[in-house]
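Before we start, here is the structure in question, set down as structure tokens.
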Amino acid sequence: MLKHIISTLKQAAPATDAVQAHCDGPCGVYDPSAARITAEAVLSMTKKILDLQSDGDAVKYQNTLSRYIAIKEEQAQKTKEELLILWTDYFKPVHLEQFPDLHDTFWKATKLCSACKVEVSKEHAEELMAAVQKIHTMFWSSKGKDVAWVTAS
Amino acid sequence: MLKHIISTLKQAAPATDAVQAHCDGPCGVYDPSAARITAEAVLSMTKKILDLQSDGDAVKYQNTLSRYIAIKEEQAQKTKEELLILWTDYFKPVHLEQFPDLHDTFWKATKLCSACKVEVSKEHAEELMAAVQKIHTMFWSSKGKDVAWVTAS
Amino acid sequence: MLKHIISTLKQAAPATDAVQAHCDGPCGVYDPSAARITAEAVLSMTKKILDLQSDGDAVKYQNTLSRYIAIKEEQAQKTKEELLILWTDYFKPVHLEQFPDLHDTFWKATKLCSACKVEVSKEHAEELMAAVQKIHTMFWSSKGKDVAWVTAS
Amino acid sequence: MLKHIISTLKQAAPATDAVQAHCDGPCGVYDPSAARITAEAVLSMTKKILDLQSDGDAVKYQNTLSRYIAIKEEQAQKTKEELLILWTDYFKPVHLEQFPDLHDTFWKATKLCSACKVEVSKEHAEELMAAVQKIHTMFWSSKGKDVAWVTAS
Amino acid sequence: MLKHIISTLKQAAPATDAVQAHCDGPCGVYDPSAARITAEAVLSMTKKILDLQSDGDAVKYQNTLSRYIAIKEEQAQKTKEELLILWTDYFKPVHLEQFPDLHDTFWKATKLCSACKVEVSKEHAEELMAAVQKIHTMFWSSKGKDVAWVTAS
Amino acid sequence: MLKHIISTLKQAAPATDAVQAHCDGPCGVYDPSAARITAEAVLSMTKKILDLQSDGDAVKYQNTLSRYIAIKEEQAQKTKEELLILWTDYFKPVHLEQFPDLHDTFWKATKLCSACKVEVSKEHAEELMAAVQKIHTMFWSSKGKDVAWVTAS
């Protein structure tokens, strides 16, 4: 309860300055768009796999299916890595007070990346997109900015 | 001159449909933001290298300087790769008519990536950002969309 | 308070069976030794950097120092990745009840990986080793086993 | 027309000296053999995929087919990267006058790499070999040397 | 014969000191556990591939099978790399006298890694585990230590 | 002695056919040129490091020196990997009879790769080139061909 109150107070006065002071500074350029682009690719490949029909040429079908599965795997892994860069490098203890569900949000989002590898699930790929959008909102709100959610597809 | 007229005409009627037909379709999710994020990191690291002062602890200074140079190298390489994905995979012959300077634009942009590795040049890093912005505009105009240029830093 | 009680109860009856049922099964072979080996390398390189003396040959000194810094960076990054595989893939919600500080433990451990990159700090490298050992204990206790902590160096 | 005349003149007096002066010098060792070796692997894997017969053991067949497709993908990607190193790093504006079709040659060659991934096409794999051979000839002619085209297979 | 006598003598007085003197010192942390973990993953994936049954959903089956084959490939490759680090970096000429079959042991072990990629063979995966265990014993005996062989699975 | 006689006999009748029969067939395209190109880069970078002079701009000097060291490291590592592909994948037991010093040749060549990382030694870089040339000769002689040793620089 107390935590929630602190967090609410913090939200009114974003922690930006304090964050800069703790920044470990490899480059300072963080952008959730990186995770969004790869998550879009996961969703796109998932749909293409589900829609794929063989025209009778088995080798051609296998080549396309194998490649789609491999690209889905790779893009889900990149999404995981991009999200984890935000969690381990960008977000600081001060943010945890602002977003008490910070850890849980990232944990579930990365587990969705795994689910999108293990399964061919449009539902999970869409949940991953939603999780990335939630992180996009948390990220920009932590910087006291309101940046629109724009997708490439 | 003739080429310029053709290109102007093409811009009025974007080649989107024709493009889809030729798309090789690994995922269909292209976004110049990927190159923009890494180019921002190149500029950021270049500035940090130029601003770096030793506080008398030589090993600490060397550790920071070495890391900044390595990160600049890595991010310039990624920028190159992201730009080349657009050049080799997204842009099609039909776009070449729309943008007669397509090849030259990408060639110079990738050579700027190399220059940003070889040198510690704020000027070249800023030229790289401008080149990526030019490609951002070409890309979205090829899709008949007007997407704002937003940076993370 | 309630959480602490639940967690204490859970520890008496390890969640192994339930965990197997939720395993996403890429291979099922998890071993904190992977993170321990790379964390040892981080500590070893940190000590070697701090002990390095030039014998008057500046190029030789720079070659050795640059390589040590690069290896420290690489091994700290691998430690981070190995730890995050445990956090995102091995540990499941049921473990969170058993270890209420699960997220915090991993967050701090991965932030120590970053600190070992950014600094040349024997103290932080030793704290990283301690954090990996704590995770080793959590991991094996979650499986109801008591595996000794053995280092290679 | 003028360009063609300039290019013809340039060819008589290779631009080697001027090139050295502009060389960005990461190592100065460029060799189209790197792209040729990987393009040979693409052709070899394409043929093996087309020739592959199941002996009734479905898992064995899938294991071999999946691996062949993955190796074809990887080698086509490496071919692309090796070609692009020549285009972005080795070739300089002075060469563009010598080879007015420089950009087009590389664009088409890299698009053939994509085609060899997307399809299982002996025809496209052979066209890729021909494109790499054309670049081999351009490269050595830009250095005023006549180096034989030798393949490993 | 002479070699065998020398090797027997060496074994009585492990060459640890001499080895340290020749150590090329990238980090000094060698541990055959790294190869053991990935070899376990190869064996695990091989068994899972052999046990995999389709529940009628062809795309789901293909997704799982493709991923298992790719993970087996990756883990066999990592096993090869980890073994070769020991062979090229850790083991020194003095060890060759202690273990006259050093080269042959590593050559066969790395060829088993290839066999585990090319085939789906439980027998070869188990032979790989045995080969890694043999190397584990050689490694620790070269350091005059007796370290237990513990697996994660 | 016996081994030497067998090997001499084998050299008269190259083992090409037998080799094909045992080939594990990922692609069948082996070419020692890959290792030769990267070994040339190691030698080139070593010379450039030794020749590098500061023009008074310390940051510019450090940027160039750091990059040269990193490229030398990367190319020496690639040389090692390319050589080991030949040793583990191409060469078969039948070749061991033809070349009794096969293992020793590769072991020393890979240890030279390490030496070229650890040191800035023109002598060792030239010895590495000689070792790669020796392997080039063994390789082509194993195929009963006489392929000229051509370098890119």
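Order of writing sets the labels: A, B, C, D, E and F. Residues in every chain begin at 1.
Simple rule for what comes next: a residue touches a chain if its C-beta (ideal position, glycine included) is under 8 Å from a C-beta of that chain, and two chains touch if they have at least 3 such contacts.
Computed from a predicted model, the values in this text were never measured in an experiment.
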Note to self: Applying the touch definition from the top, give me the chains sitting in contact with each of subunit B and subunit D.
What the structure shows: A, F
Check: Which is the least count of steps on a path of touching chains running from subunit C to subunit D?
Finding: 2
Item checked: Intersection of contact partners for subunit A and subunit F -> B, C, D, E
Note to self: Under the over-half criterion for shared residue numbers, do copies subunit D and subunit F use the same patch or different patches to meet?
What the structure shows: same
Check: Just how much do you need to spin subunit C so its Cα atoms sit on those of subunit F, in degrees to the nearest 5?
Finding: 120
Next item on the list: Please determine the option from D-F, C-F or A-C whose contacts repeat those of B-D, over half of the contact pairs being identical by residue number.
Entry: A-C
Margin query: With centres defined as the mean C-alpha position, give me the subunit D-subunit E separation in Å.
Written below: 36
Item checked: Separation of subunit C from subunit E, taking each centre as the mean of its C-alpha atoms, in whole Å -> 23
Margin query: Multi-chain contacts only, two chains or more: what residues does subunit A have there?
Written below: 25-26, 66-67, 70, 117-118
Checklist line | Chain contact topology (line, ring, star, complete or other) | finding: other
Next item on the list: Can you identify all of the chain pairs that touch?
Entry: A-B, A-C, A-D, A-E, B-C, B-D, B-F, C-E, C-F, D-E, D-F, E-F
Note to self: Which residues of subunit F touch subunit D once you look at their complex with the stated criterion?
What the structure shows: 25-31, 33-34, 37, 40-41, 44-45, 48, 67, 71, 75, 147, 150, 152-153
Checklist line | Contact set on subunit F toward subunit B in their complex | finding: 59-60, 62-64, 66-67, 70
Notebook entry, point to check: Where on subunit B does subunit D make contact in their complex?
Noted result: 24-26, 80, 84, 87-89, 103-104, 107, 110-111, 113-115, 117-118
Next item on the list: Flag every residue of subunit B that touches subunit F in the complex, lowest number first.
Entry: 49-50, 52, 65-66, 69-70, 73, 117-120
